Amino acid sequence: MAKCFKRNMMVRGLALAAMVTVLLGGLCATPAAAANGMLKIGVLEEPKSLNLWLATDAWSKRVLSLINEPLFIREPKSNELVPWLAAGKPVYDAGKMTYTVKLKKAKWSDGSDFTAADVIFTGQLINKFRMPRHRSKWSFIERVVAVDKHTVRFELKRPKAIFLSRTLTTPIVQKKQWEKIVASAQGAEKPLTVILRHKLTNPIGTGPFVVSKWQKGVFVFMKANPHFFGRGQTISGHKLGPHIKGIIFKVYGTADAAILALRKGAIDFYWNSIQAGYLEQLKDDKDIKLFVSNKSGLYYLGFNLRKEPFDDVALRRAVATLVSKEFIIKRILQGYGEVLHSMIPPGNSFYYNPDVPKYGYGKSMDERMKLAYNILREAGYTWETPPVNANGEVVRGEGIRLPDGSPMKEFTILTPPADYDPHRAMSGQMIQEWLRAAGMPAVSRPMAFGALIQKVKGQHDFDAFILGYGKLSLDPGYLRAFFHSRYNKPRGYNMSGYESAAYDALSNESNNAMDPKLRQEMIFQMQAMLMAAVPYVPLYNPKVIEGVRIDRFTGWVPMLGGVGNIWSLCQIKAK
Amino acid sequence: MALLKVENLSIGYRTAGGMLKAVDGVNLSLEEGRSLGLVGESGCGKTTIGMALMGLLPPNGSITGGRIVLDGVEISALDEEELRKVRWSQVAMIFQAAMNALNPVIRVSAQMTEAIRTHRPDMDEQAIMQRVEGLFNLVGLPLERLHDFPHQYSGGMKQRAIIAMALALNPKLIIADEPTTALDVIVQDQILKETKVLQEQFDIGIIFISHDISIVAEVCHDIGVMYAGQLVEAGPAQEVFFNSKHPYTRALVGSFPTLAGPKSKLTPIPGEPPNLIGAIPGCRFCDRCPKDTASCKLEPPKWQEINERHWVLCDHC
Amino acid sequence: MRKYIAKRLAQVVVILFFILTVLFVLFRLAPGDPVSRMVDPEMTPEDAQHLIEQLGLDEPIWKQYLIYLKNFASGEFGYSIHYGEPVARVIWDKLPNTILLFTTAVLLSAMVGISWGKIAAWKKGKGADIGMTIAALVTHTLFLPWLALLLVWVFAYQLDWFPITGMVSEEVFLDPDAGFWAKAVDVGYHMVLPLATLFLIHFGSYLLVMRSSMLETLKEDYIVLARAKGLSDRAIRNKHAAPNAWLPVVTSVGLSLAFSINGGALTETVFSWPGIGRELVFAVSQNDYPLAQASFLLIATVVLFSNVVVDVLYAFLDPRIRY
Amino acid sequence: MSVQQATLQSLKAGRRALWRQRLAENWRVFRGNLLGKIGLSLLVMFGLMAGLSYIPPLIDPMYHPMTGVDPLVVKSTGPSLTHWLGTDFMGRDILSQLLAGARVAFMVGVSAAFMSVVLGTAVGMTAGYLGKTTDTLLMRLADMIMVLPTLLVVLMLAALFGQLSIWMIVLMIALFRWPGVSRVIRAQTLSLKQRPFIDAARVAGASHTRIIFRHIMPNVLPLAFLYMTFRVTSAIVIEAGLAFLGFGDPGTVSWGMMLQWVWKTGHMFTAPYWLLPPGICISLITLSFYMLGRAMDEVLDPRLRDETQAG
């Protein structure tokens, strides 16, 4: 009995202790005054890895973009490439097919000198280990040689248009830090794996910040790099700092929490695009400024040209006519996006061809239906109940038959799941409804992202899909990768299976064209070819909405893709 | 003065169907050191009387009339706190279904000592232990089993432990509610005999509740036969048993085999007791009674004196 | 007893092995491709294949299975595809956080639920009972993420009493002078809201189970005997009734653990609590096979072992049970 | 007609009468139960909602819960005359969605619960009746599935195999929620097996199937039914949780889905007219099934009734 009694007391004691702790916690830990000169940035997830070669997620890239710097980056206003670690424009020797680049006299964050050896080492590392995400930018480089300590010469196997925009924007790693790792990898059975799995807790970089403390799952503290080469310098008209002591990346698992934290002042900036629904509550907050920026994105509906029913261009054109991009943008994107008519966003004004077919743009739903009906009827499609009746009125179509008379089999539109991107999942639903109104047996099916990619890219086992690129390179080289027949194989990027000898030839040529004017013409022509064949229906290019508190810091720099960029972080100042 | 006087006691239960009169106008009296057996079928109100004597009626039950006086104190008028003091020190109880009356997760010793500790705050632990050991010896339980858990005991041992527990505070009155029902006949007999010895030894008043009139007749000085909430026959044990007057008592005697009594044919009682919800104008047994007359159904029966101590509630005996 | 525990543990190992195998099969059957995100548009299919080979994803299935088993046996659990670290390390970073939040929540809600359930049963039909039962029913059936977000909005944003999600304040953890207690208090402060969410959702079920178990117990003969002995209400309730009423509750705690873990994962997600549940949700949606497998296995292991512990505890609480 | 047949028939008639009597008695107890009454009236209300859900799309296509949009509305608006509960971010009517959600909740809850209870009962009866190795194997399997957190398992499967359709989700929930039922049914079967009437049936030459279906099943069915009400609750909550995390069936308008839309589109704290109704409905419907279950628990288990008899 005594034991019983004791047990009971113990239970009560524990309960009491727990409550007291919680209460005390609540009373004592009122937030201390915000640390001065620290910029607090809210992110959705913590960075997964600080190993540049492994990090694929957006959150790691955000941190690493402030550490490992490339030779050239884009300037916010003009969107032109400007020297960053490089000291001046590359000098091209057409005869020898070489580029010579002079480097800045920069220092690594450990105080050692940044030299040509580091650039050469990075290139060798990428080519030797066939580094994913970088290899394609370097595979055409014969070799890189050091002219002197601060000059490198790139020798190309063949001319490549992407050299300037892609190869020269590769982040450079420190030879000293990676040498040993590479040495240990060379003997290994799976050398690439050794590199990818190397755990790097303190990457040495040339950028404005270095990682100081990483509290797993909670925050990453980056402090200003005293050796940053741009400190106090003016680069392309921007006077750089950084003027802040450091940055704290705080992890908020949900956008709601991050938005509330922003409104409460627990963070100064939420480095992620904000859903339109939040704008209502942010607009009235006088401490918060909203930036709406363009991004270079391409969200599209893709078809499988390898099999029925989308092997028929008439059907693809009819579908393109039925899809109301205006509806998607106005309602699903709440107006924060621009209509795409071509594979190149209009923002990329140099390469954008405004003169491509626009399939029903600006028309009402009924007009679209009539247009699509005409296209299909002319191509030999028949219906049990045609969507346009004898009086020319639009009705609900049923039982569409292919030109050969067989009924159209049910087809699926694969989309990413709603948790990943509600816009695309929702667009898929709406497209399904529009196609059904024309009598087509369409089913929209959201699918886990990995599974979707595997089906579309790995196995080519699909009918149609909605995917997108949020950060499309400004160089139109991707047009070749997306539609060249060479990439029409498992894991290749030509997912829809578009094959055209004329297009292949043209895209090869454009890829090697070093004269911008000539290349522009070819790219225009390619866009026209694509929009006539419609392997993809370009849908929209969303805008980036970002929220920034203006009560503590000023000097944010908007650019393509938003204010969350290295220029902003090098220039903002405490108020 | 009588140890216990129950005067015109009525007890009711509130049920969904209305007030159920479980006990209706019962009078009992018990002298110190004497034993009284209450017999009847299940549902006749005998256990309810036992519970009322301890002040342990369930929440929906209450005394609706009459009073209970124990040793000069009116139990039926005490509040809960005062009742608690009376319980076990004055009236102890030996339970129906002793198997379940011991708490399975508490050691027997602890269950024994807690009663003493509660009522005798003046006693120190050592004295309490001595007392418990004494009790164990008294009921013939081996001392080394004192600290066992109840499930380690046999049925008879449990029953003895409960008897020992009941004796712990030298109560004046023990209510034994079917103390031996779940035991086998041999153990039953042993325990009954020992109980009788103990009762005489300590001069305790016992109210013995059972459905088995033959056992009660063997153990008790007096018998009260209950039927449908009423006492129908009361008197000295031998007399009630061998010279039963009430047809119900006769039926009871006839429905049990006896070890000691004469051999006779067992006769079951046909029919069922009446529903106790609502008023019953006439004799409650008349539906099952062989002597049933027209007046029985209309008029309540009156007490008839057979002799000075033997009474019966029947107009036709 | 020892033999019984050994037998149960052996069973646990067999079940775990089974789950392990099922997990392997499931993840191989799934169409997802863990390297899809590491591939860029211009990468040639040959280079992509090279990457697959390097990551060992092209080995025959049986060999992958053996490697998989070996990884688990070695306690390393393979490498997380996104973290590039041994899965054990990733989990090890997050596990203490989950244990801290989850065990505190379960213990707190069990203790409060049980003691309130005891009182509710004792006062059956009275105001206190009705009030507590209704409160338990209502909070128990609330939709967890909804409740969690509402709590954040009211207490962290509107009233500003608590931080908006997370587990620590950077001010405290970056302050070199902050000692253990300062940090502990800071974590406790962040834990209030997630704890309150889990507590509100769970105490109800403990309360209801304890209440009905207690009501059953109160009908037992030994309770009547205890009352007949003249014991105080308190003694009867706490010494005689409660220890018996605990027994079914203990079983139900063990069985409801899996259910509570669902809630734990949702809570971690909403409150950005860096724990295993959130990690699992992440790993699953990013196709990080090894991490997802190990997190799931870990959760299953915890539940399985807890159930063994519950059974042993049962034997400890109920002297009638001897294995 | 032989005497035997006559007896058999009268026995059957007697059994029927007994059933009727028991049913009437149970209904009486149930009516006296406050929780049961509240639960039942709430359920009737949700049932009405589900039934009414077919009406709005008939009035105007813009009230179609999934695809109908008000041409005049392009963002979430509060309650108005045309939209009693307001619209969501695309201009869809929230009331129509809420009504459709009731239908889905019933469908998911009842069908998942029904399947899991059927499965659990079948497994429990088989294990309990056959005993030996079958019993051990089935119960080990049950133990194993019981310890798996259903939401996380279904989440994992949903993520691995692409978005699951609502019926797949129902099936998954059923597949992972039967062990609790089977345990209880097994215990009940074991105790029934000891009863004399089973022996009598076996002696009379009844086959195993006959014994299981004629003699054991009627006796475990009330218990299985009771468990169904509790399973309904958990199925609805799991579906809602799944939808909330973004792994639900996007082609189905469930309350969890509505919450996910509120959440993902950033209207959590600005559109109470959109946030509150689905949340409250999920809580209330689980509460009502739970209350109903508790009430039935008392009806079926006489020990839990108030003491009405005493001796």
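Labels A, B, C and D are assigned to the chains in the order they are written; within every chain, residues are numbered from 1.
In the analysis below, a residue touches a chain if its C-beta (ideal position, glycine included) is under 8 Å from a C-beta of that chain, and two chains touch if they have at least 3 such contacts.
Small disclaimer: the values here were computed from a predicted structure and weren't measured.
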Identity of the chain that, by mean CA position, is farthest from subunit D: B
Comparison of B-C and C-D by number of C-beta pairs in contact, larger one: C-D
Core chain by centroid distance, with centroids computed from Cα atoms only: C
Chain centre separation in whole Å, for subunit D relative to subunit B (CA means): 50
Whole-Å gap between the CA centroids of subunit C and subunit D: 25
Whole-Å gap between the CA centroids of subunit A and subunit C: 36
Where subunit A touches two or more other chains, by residue: 1, 4, 254, 256, 260, 419-420, 448, 451
Residue numbers of subunit D (touch at least two other chains): 159-162, 245, 263, 268-269
Subunit B residues counted as touching two or more neighbouring chains: 106, 114
Parts of subunit D lying in touch with subunit C, wherever the complex brings them together: 140, 143-144, 146-152, 155-157, 159-162, 180, 233-234, 237-238, 240-241, 244-245, 259, 263, 268-269, 275, 279, 282-284, 286-287, 290-291, 294, 303-304
Interface residues, subunit C side, partner subunit D - complex: 11, 15, 18-19, 26-27, 29-32, 137-138, 140-146, 149, 153, 157, 208, 212, 215-216, 219, 255, 257-259, 261-262, 265-266, 269, 277, 280-281, 284-285, 292, 296, 299-300, 303-304, 307
List of subunit D residues in touch with subunit A within their complex: 66-67, 69, 74-76, 89-91, 158-163, 245-248, 250-251, 260-261, 263-271
Touching residues (chain side subunit A, partner subunit C) in the complex: 1, 4-5, 8, 11-12, 14-15, 18, 21-22, 24-26, 28-29, 31-32, 34-35, 40, 45-46, 48-49, 51, 54, 56-57, 130, 132-133, 135-137, 139, 162, 190-193, 196-199, 213, 215-219, 221, 248, 250-254, 256-257, 260-261, 263-264, 266, 419-420, 448-451, 453-455, 457-459, 477-478, 481-482, 487, 489-493
Residue ranges of subunit B in contact with subunit C within the complex: 54, 56, 83-89, 92-93, 95-97, 100-106, 114-115, 118-119, 149, 151, 162, 165
